[in-house]
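The same chain A turns up in both complexes below, where it pairs with chain B and then with chain C.
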Partner chain A sequence: MIGRLGRALEATGTVLVLLVVWHFVAASGAFSDFLLPSPEAVAARIIDDALSGDVFASLARTVVTALTGFAAAGLVGAALGIGMARVRLVRWFFDPLVSIGYPMPKIAFLPVFLLWIGPNFASQVTIVAFSAVFPVAVATRAGAEGVERTLLWSARSLGTSAGQLLWQIVLPAVVPQMLTGLQVALPVALITTIVAEMLTGGDGIGGAMLGAMRFADSPGVFAGIIVIAATGFVLIRTMEVIRRRMLRWHAEAAS
Partner chain B sequence: MSRSATVVGAVKPKLDRPREKGTAVVNWLVRWFPLAILAITWEAAPRLGLVNPASLPPLSVVVAALGRLAMGGDLLANGLKSLFRLVCGLGLAILAGVPLGLTMAWFRPVRAVFGPLVRCLYPMPKSALIPVLLLWLGLGDLSKITLIFLGCLLPVLISTTNGVRGVEPAMIWSARSLGRSRLAALFGVALPAAMPDVLAGIRSALAMSFVLLVSSEYLMSRDGLGYLISFLGDGGAYDGMFAAVLVVSILGFAADRAFNAVSRRALAWRET
Partner chain C sequence: MTSSALISFDRVGHSYRSNAGVLVPALADVSLDIAQGEFVALLGPSGCGKSTLLYLLGGFVPIRDGEIRVAGKPVTGPGRDRGVVFQSFALFPWKTVRQNVRYGLERMSLPRAEQEARTARLIDMVHLNGFEDHFPLQLSGGMRQRVAIARTLAVDPAILLMDEPFGALDAQTREIMHEELLAIMARRPMTTVFVTHDVREAVYLADRVAVMSARPGHIKEVVTIDLPGRTEPGVQKTAAFGAYVERLWGLVKNEAVQAAAGR
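Moving on, here comes the complex of A and B:
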């Protein structure tokens, strides 16, 4: 408990120090208000937008896009990873595609999805899922291939059906690695969401920031950065908490 | 199976054990055949009218467009521009990130000051900085290099710190007790032992650098491969757009493979 409280204090302290430094740099006049608006101006802007509801609308849109794509990537990636580990035909077909797709900059396909699907929610979710699916698939596959053979043999010799084997032995054994893959995929999903929103316009925070930039509205741009940074921080910390909760039974949690 | 083996054998007659080599080639063909299926589908689907050729030009048309882009010099000019930004941004991130990571791992006060900052900034999606960097640094190279630098710095720094902190303390103690200074133990023992982590960090930074490069060139640029993709797409030259997307994908993949090969060489002295 002290550890968690300490971490919360540490994060708060860091943010406060950053804000103070920002305040004095802005107040020193070294940069114009346009290049570096004061934290007060940006805070006022965020509060204004919050009162009018704009922030929540764009934030909700961004989070929904990111999490929908992330969830799709999680489901497809987990299925693909387990399939590659356990079904020879699936492994044969997808192994070269995944090993090429994994290091490839998936964001390059954004214009392709825009062409095929149009500049809308569906194409944003597609590019997010496409970017995030590879780490999940690769990690899940590694996990599924590492399942102890003796576990599988014992279960099978005790008469476990193929379906039960999957749900009761393979899936639980895969969870730690799969969560690792998901932890890699979440920041990727967020980065991709922001770029997709900036490129397609639309209502999300990325679109709002690009709009603010076009109108040379620098407090608006900074407000967007702050909101996104806070969102990323919360989502990624939440993912860490979920991991700890889910792995209570696992040896990893003991250390 | 046997036919392709003999064909390959005929190309390289000097093989000692043609049979084994032949099997290796067949294995290789079997392994990569799914890519051929993908390529054939790409060629056939638009030709057979399964998909609209306007939204997916056949592979051969895309390859022809690639040839035109390469001949016209567009590909080389924009490619070099992108490569320059990538190398500068990633190179600076490594030059700054590794020493900073070392310092943070080695000196507790530095870690106490910068650790919270790093943990606070790490989760931020770096693509959110694109608009502000455009406001500050304009459309040129500097905004992209800075973005790539900022995006790659933390992965390199964090993996260096973790790597050095994970080094077996007994190794450091031995070096110290054998009369090495603290600094000599850091560079002579801790850094080499942490090398796998450092290289893994650089590898993930490399992937990140491509993403940020292409994203920023889509949004704020007058040149570079990302710009070429969006320029061709906006102009409706979809065969060219697909060709440029293909080039970026292959570059990203090849860079990762090359880096992986180099790091395996660099780590060859290790026992495992």
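Moving on, here comes the complex of A and C:
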């Protein structure tokens, strides 16, 4: 009982300390309410927005954009990574592109997508997928190149055809590294979604924050930050749980 | 070569391309016939090409120089007729013990009940009852190698290829595995090619020991082991056993010295 409470306190301690400091700094009057609204005001705003349903509408829009782009990045990145590891032509073509694209700020392509697709859901999903695809492709490729040849040989001598190797051996063997790539890609997808919403307007949290700023509604801006932080936290924790479930066989789960 | 042989190596060679792009010969002019049911050990210093020879026979590495025939037909790729066990176990880590053993059976058109029955029988044979739902990483080295052996035997190969299968195990476990392997062989004889650089292991297990020379490897001498009552306890302490070990040691040591000098 004590242990559980202790662990809960440990896990939330940092957040509590920050809230208390925020409360006293705001109450001290060192900053105006406009620059730094009190945590109570921000909480009241979040509750208000939640009650009116506004927060859920923006949040749903943001999460759907982020997860759609993330899913597309996952599929394309996995295919690209395995292709680069196993097909010479694919490697020849994409290797330089990935090397150049990986460290680039992908958001620079947003104007291009806006021109081509228009300021809509599709262009937001495209920029999100484009930003998040690189870590998945790079990690999957490393995993696929590292599949032990004795695993492939064993499978072959047990009656697996060369064509079946991909589904039977390479894909399952690559799952741990692919998940690592996806875990890097998830926050990238979320960040890109918010930035794209801020740059293009629209209904998401990013757009709502931009609207609040225009109306000098500082509790609204801070409420947006907190909702994004909480959402990111939940999504990343969910991903960790999925990883643990999928890797029950893996060394990291064996203990 | 004689037509009674199940496996014929016919002037087999192999070269690897080094990082600098030059061809480095690993095997040269290997010829050897292995009869049906025979247990042949390949013995030689490190780097002499034992594994390479086994991979060529397995069909994992393309044969460009010479020919290997199994039951009269040239080897062109891997096949279910040649089961393989590696030093590193090569189990599918995402599959449980049961799923690993069943893997090959799933690729044959067998009824599900038959698959289950055969899987259970094999798990029983390698004494892993109770561990069916464990993943490989939850097992000891000896248990992992038992899973690998059961997985290979499940598809009933005529030929068993083993590349230092007990090399990663501690001495005690290795001895237990030797006895179990002989017991399995007694129940279900198989033509076996067994790579090792452990002289005692070769003498204890093999009908014939092919000693390979230093790189580029070829067969230097083939010693027939004639030990009556091999499976009886204490055979390793007999004078005959000791004489074989000594003789093979002499042959291998010579090669190992040359291999070291050639570096």
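Quick notes on this one:
Heads up, the rule we're going with is that the second predicted complex is superposed on the first by the 243 of 255 C-alpha atoms of A that agree within 3 Å, B and C clash if a C-alpha of one lies under 4 Å from a C-alpha of the other, contacts with A are read in each partner's own complex, and residues count from 1 in each chain.
The criterion applied here is as follows: a contact is a pair of C-beta atoms (placed from the backbone, for glycine too) under 8 Å apart; a residue touches a chain by one contact, two chains touch by 3 or more.
Not measured: the values here are computed from a predicted model.
Once the complexes are laid over each other on chain A, chain B and chain C both fit without any clash. Look at A:His250: by the touch rule set out above, it reaches chain C but stays clear of chain B.
Once the two complexes are overlaid on the shared chain, A:Ala27 sits clear of chain B and of chain C alike. Chain B and chain C, viewed from the C-alpha centre of chain A in the overlaid structures, lie at an angle of 90 degrees when rounded to the nearest 10.
When the two complexes are overlaid, the chain among chain B and chain C that reaches more residues of chain A is B.
Applying the stated contact rule after C-alpha superposition, one finds that A:Ile242 touches neither chain B nor chain C.
In the superposition on chain A, A:Trp116 makes contact with chain B only, not with chain C. Look at A:Leu190: by the touch rule set out above, it reaches chain B but stays clear of chain C.
Contacts of A:Leu151 after superposition on the shared chain: chain C is touched, whereas chain B is not.
Touch criterion not met for A:Ala8: it reaches neither chain B nor chain C. After superposing both complexes on chain A, the closest C-alpha pair between chain B and chain C lies 11 Å apart. For chain A in complex with chain C, the touching residues are 148-151, 153-160, 169, 172-173, 175, 248-251, 254.
By the touch criterion given at the top, residues 55, 58-60, 77-80, 82-84, 86, 88, 90, 92-96, 103-104, 107-108, 135-138, 148, 151-152, 155, 157 of chain C touch chain A in their complex.
By the touch criterion given at the top, residues 30-32, 34-35, 37-38, 55-56, 116-117, 119-121, 123-132, 134-136, 207, 210-211, 213-215, 218-219, 226, 229-230, 233, 238, 241-242, 245, 248-249, 252-253, 255-257 of chain B touch chain A in their complex.
Those residues of chain A lying in contact with chain B across their complex are 10-11, 13-15, 18, 34-35, 92-97, 100, 103-112, 114-116, 187, 190-195, 198-199, 205-206, 209-210, 212-213, 216, 218, 221-222, 224-225, 228-229, 232-233, 235-237.
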